[in-house]
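Next come two complexes built around subunit A: one with subunit B, the other with subunit C.
Coming up: the complex of A and B.
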């Protein structure tokens, strides 16, 4: 039907280049800043004239940054794991089982996903101070789980509907209880969806700034985004631009690589939960 | 149907009922139903408990705090003062400036994101060359930490340092340039999310319908408005609702870009300042409750006026 002329292809390549520019210009800029040395930092050039690794050497010998990196990885990993366990159970029940109160649960989790986080910061600050959770790992893990759960439940229940459920019936015919059917037959089939959801949830936690800023006061639990905003130079006169840029690259690149590797699944995960309604 | 099966009830149900009116098959079916309900409730229990404990309880607590004078710097002065905090906040020009700034950023960003998100969605959906490349790169802004992107924009617009800053100007020290840079940062980061939601909608538009319209002489522009837009309206509304609520809680970008200087604070920023810098829990909570209510009103308007189906609203009906 369509005759794909060279002109049309060229036109689309032009459009594609615009998209690439849109996506990469700010990213390449922060990378290029991180590679600039002190002498050329303020030259205003988009690309570094004499690239150097000084800024990376600086942040990887900075105990504040290393501690924040450990906090970020640990807190996000634990929150993701717990949210995934609870989310998988709930999503399975919502996608597959008939039980009272299902609509309420969906409504509540929708409400939470639209919740302004700042509305929780004040009460959580007070509650966590009283419970001794302020400025600790659990103090951040708990709110992260809460905000990750709706995301996990939506994405997972969308994935769960794609699974061939006849297998479950077959398992039940063979005498498996519903729980056995869930654990031994369905869970392995659901793993790709669980994996995708894990990436989305991890990104959401990794990205958080408000809780990390409000519910910590020292480097004990401060994650990288919050720590970055507190960066100061080695001396009071030194601008921390270079180290901030280097830290930004360090926490960004691994995530971008993961997202690009699992691009197809992530697109499916991001859209499945939201649009089918 | 409406009774909640307790473990005891389920146990009872597993015992044979010998009134003779039920045959064995039906009895087994009922047992299975009861077991299913029990399992369902057990499986959702942890998730629901966490969500209620960490979201529902604190918001009620925030409401209680908002009715109290609760200033951590003057702990002996705490008392129940009814709605005095609300009077204080709602008669404060700081609050209303922040509210106006937030509304402006929300409306402008959501509109721009819809336009550019739609363009990107159509490009990703229609491009005949390098589709994988385009879709992959479009995910880059999504996967970048907001704070990192905000720093990138801040450095780009800093005098001497940035490639975007004309020499001799400092846009982040003036009100309107700051606002537009904040909007730029917001829009850049969230176009991909918008585009992905819209693209999923585009995939549902039947190709035959577009071809038929094309045969009848409708050009691409007309086909887009007469066929595509009405068909993907649900996707548009859901995407807009999500983004409007998300933009209304803008915090990260403003904190990094201007730190609220020159009256560029959003409502979230003002509430944060009252809490962490001012240690005034009463006023902070009042603002939190007001933000919560505003969010509710925005969602309500979307759902009632535009008929946006809540995402997942169809999930309950599934057997």
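Coming up: the complex of A and C.
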């Protein structure tokens, strides 16, 4: 019995290590690349022999990159916020109310999220140049919201459905107006869902490359993923591998921070104890 | 404190399904009314209409002399206890109980005082700062009660508040609910599918089936004078025994138990009703007795029963046996069987008898049993109606505010 559990433990440890290796090899690799200097970049060592911060110094003195970082943070934060506000209300309605056209709304939002984005780039480019939105913050925020909303509505309506209907009835009986019930009973309970959705939406916007590249032309609204593709080496023949790796590490950090911040709020079973079952 | 009147209340869903049909009831101030029936009988729908959680299709709902059909739940000033308790998981016990007062804009000091009083009454004082998830089922149930009590509403609505508790706790809470209701004197409408709760708690019981009220009356009256087979079978545990019977002239009836003379009140009623002759006899288990323990001059009939199972409960003995003959069948009884999930078919008429503890009936042996023919109820086999349902005046007098 004892040996069996030890064997099982060993097996689980083996599997865990394998998965962790699989996940972390590329991450360590890119961090390692970002710490190598030009001379050792292609030396074939997995870990840097003489780590240096040159690449980081280079990108942080690059005004284009700093500007792109500000663009990324601003555009993604605004798009996430707006998508969440509308997404929460829409998801609540879809989860709770029976109204004509409900099925159509769900179908349309599903349709939007399934559309291949590459097919929309050209029309969006035409529309935005005609409206004067090209190469502006709203020019990216608006398409981001369009794609983030279906995602937000789906995730959030699943969370709203989890909240027992009885709680709302109880709030009504206790004398709450529909808004009070939404604000004081439903929203606090839906918070884990809101945070989860916020992370998903933020990551989706943050990682977008296609729109950021095609709907911008200057650093006025270009986000980091697009800006990175414009990095140049010291000479025409030199690839800017080091700075790109450094930039990739830098733009991963905000995501890690966001996830760590919100992770504490995503407590499973927050609704436990509400109703028996 | 309020009087609640349901005047021809109808609930029809948009898809045309009729959930509640023509519900009439006058609930007096301070009365404890039980709505009982199998699942899907419309009792919860009725409660939700009184609460304002569901629209009333037709008819009038009057609380304290005011028609409140179109008022939002918050303007009706009634509190509700849910089957699931519906406690707010992100609030402490104290906040849960104080929530209705907070919404009403009561100042903090008063809220604290009132919550404290209610908590004391329900023995929740030491739990006020805990979250519902850290409480046991019984404590949660009490918090739900506390939330209803705290704002002193005009009426309490309770939707199967005890059905999530385990059996022992349910009995304890039942007496507690009764005590709280009596001490506060608040009008209460209580929904349950448990006939024991209905019998023990209510001033009056409303038996519903398929959205239609079958009978309204005090528990004792319903038990003694059910209007039809459905009420007869639903009220009482173990339930009434039903035997198909054939009327012979001159007040005699033949059943699997042999010939029996109908009691006078039944005989007249049966003659008046021009029944086809096919009847179903209902005999409560406690109206059977071991023939050797019955004084000879007592009116009744005796028969030989092949005892199948004997359960000695200490205070009584339950004897189960099958008599030869056809099992009683009617729409009412089939409905009841469906609700209890009892789809067993016996090759005869199954009978449960509750005998005196002194009885010596033995499993596998034939015993001579007696039954009280004056307590037998006679139902029409086709309609299921009681042919001699008893005195209407008795019901009205026992029912206080019941409209004549």
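Note that the second predicted complex is superposed on the first by the 237 of 277 C-alpha atoms of A that agree within 3 Å, B and C clash if a C-alpha of one lies under 4 Å from a C-alpha of the other, contacts with A are read in each partner's own complex, and residues count from 1 in each chain.
Everything below uses one rule, namely that a contact is a pair of C-beta atoms (placed from the backbone, for glycine too) under 8 Å apart; a residue touches a chain by one contact, two chains touch by 3 or more.
Note that the structure is a prediction, hence the values are computed from the model and not measured.
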Identify the partner contact of A:198: answer first if only subunit B is touched, second if only subunit C is, both if each is, neither if none is. neither
Once chain A of both complexes is superposed, is A:127 in touch with subunit B (first), subunit C (second), both, or neither? first
Is A:176 touching anything from subunit B or subunit C once the two structures are fitted on A? First, second, both or neither. second
Between subunit B (first) and subunit C (second), which does A:35 come into contact with in this model arrangement: first, second, both, or neither? neither
First (subunit B), second (subunit C), both or neither touched by A:188: second
Which touches a greater number of subunit A residues, subunit B or subunit C? B
Once the shared chain is lined up, is A:68 touching subunit B (first), subunit C (second), both, or neither of them? neither
Does subunit B (first) or subunit C (second) touch A:164, or do both, or does neither? second
Residue overlap on subunit A between the subunit B interface and the subunit C interface 177, 270-277
Going by the contact rule set out above, which residues of subunit A touch subunit C in the complex? 164, 166-167, 169-177, 180, 185, 188-189, 269-277
As the complex stands, subunit A meets subunit B at residues 4, 8-9, 12-13, 15-16, 19-20, 22-24, 26-27, 29-30, 33, 41-42, 44-46, 85-87, 89-90, 92-95, 97-103, 105-112, 114-127, 142-143, 145-146, 149-150, 153-154, 157, 161, 177-179, 182, 203, 206-207, 209-210, 213-214, 224-225, 228-229, 241, 244-245, 248, 251-252, 255-256, 258-260, 263, 266-267, 270-277
In the complex with subunit A, residue positions of subunit C that touch it: 51-53, 72-74, 78-80, 82-90, 99-100, 103-104, 131-135, 137, 140, 147, 151, 157, 164
Looking at the complex, which residues from subunit B come into contact with subunit A? 1-4, 33, 35-41, 43-44, 46-48, 50-52, 54-56, 58-59, 61-62, 65, 120, 123, 127-130, 132-149, 151-153, 155-156, 160-163, 165, 167, 188, 191-193, 196-197, 199-201, 234-235, 238-239, 242, 245, 248-249, 251-252, 255-256, 267-268, 271-272, 275-276, 281, 284-285, 287-289, 291-292, 295, 299, 309-316, 318-319
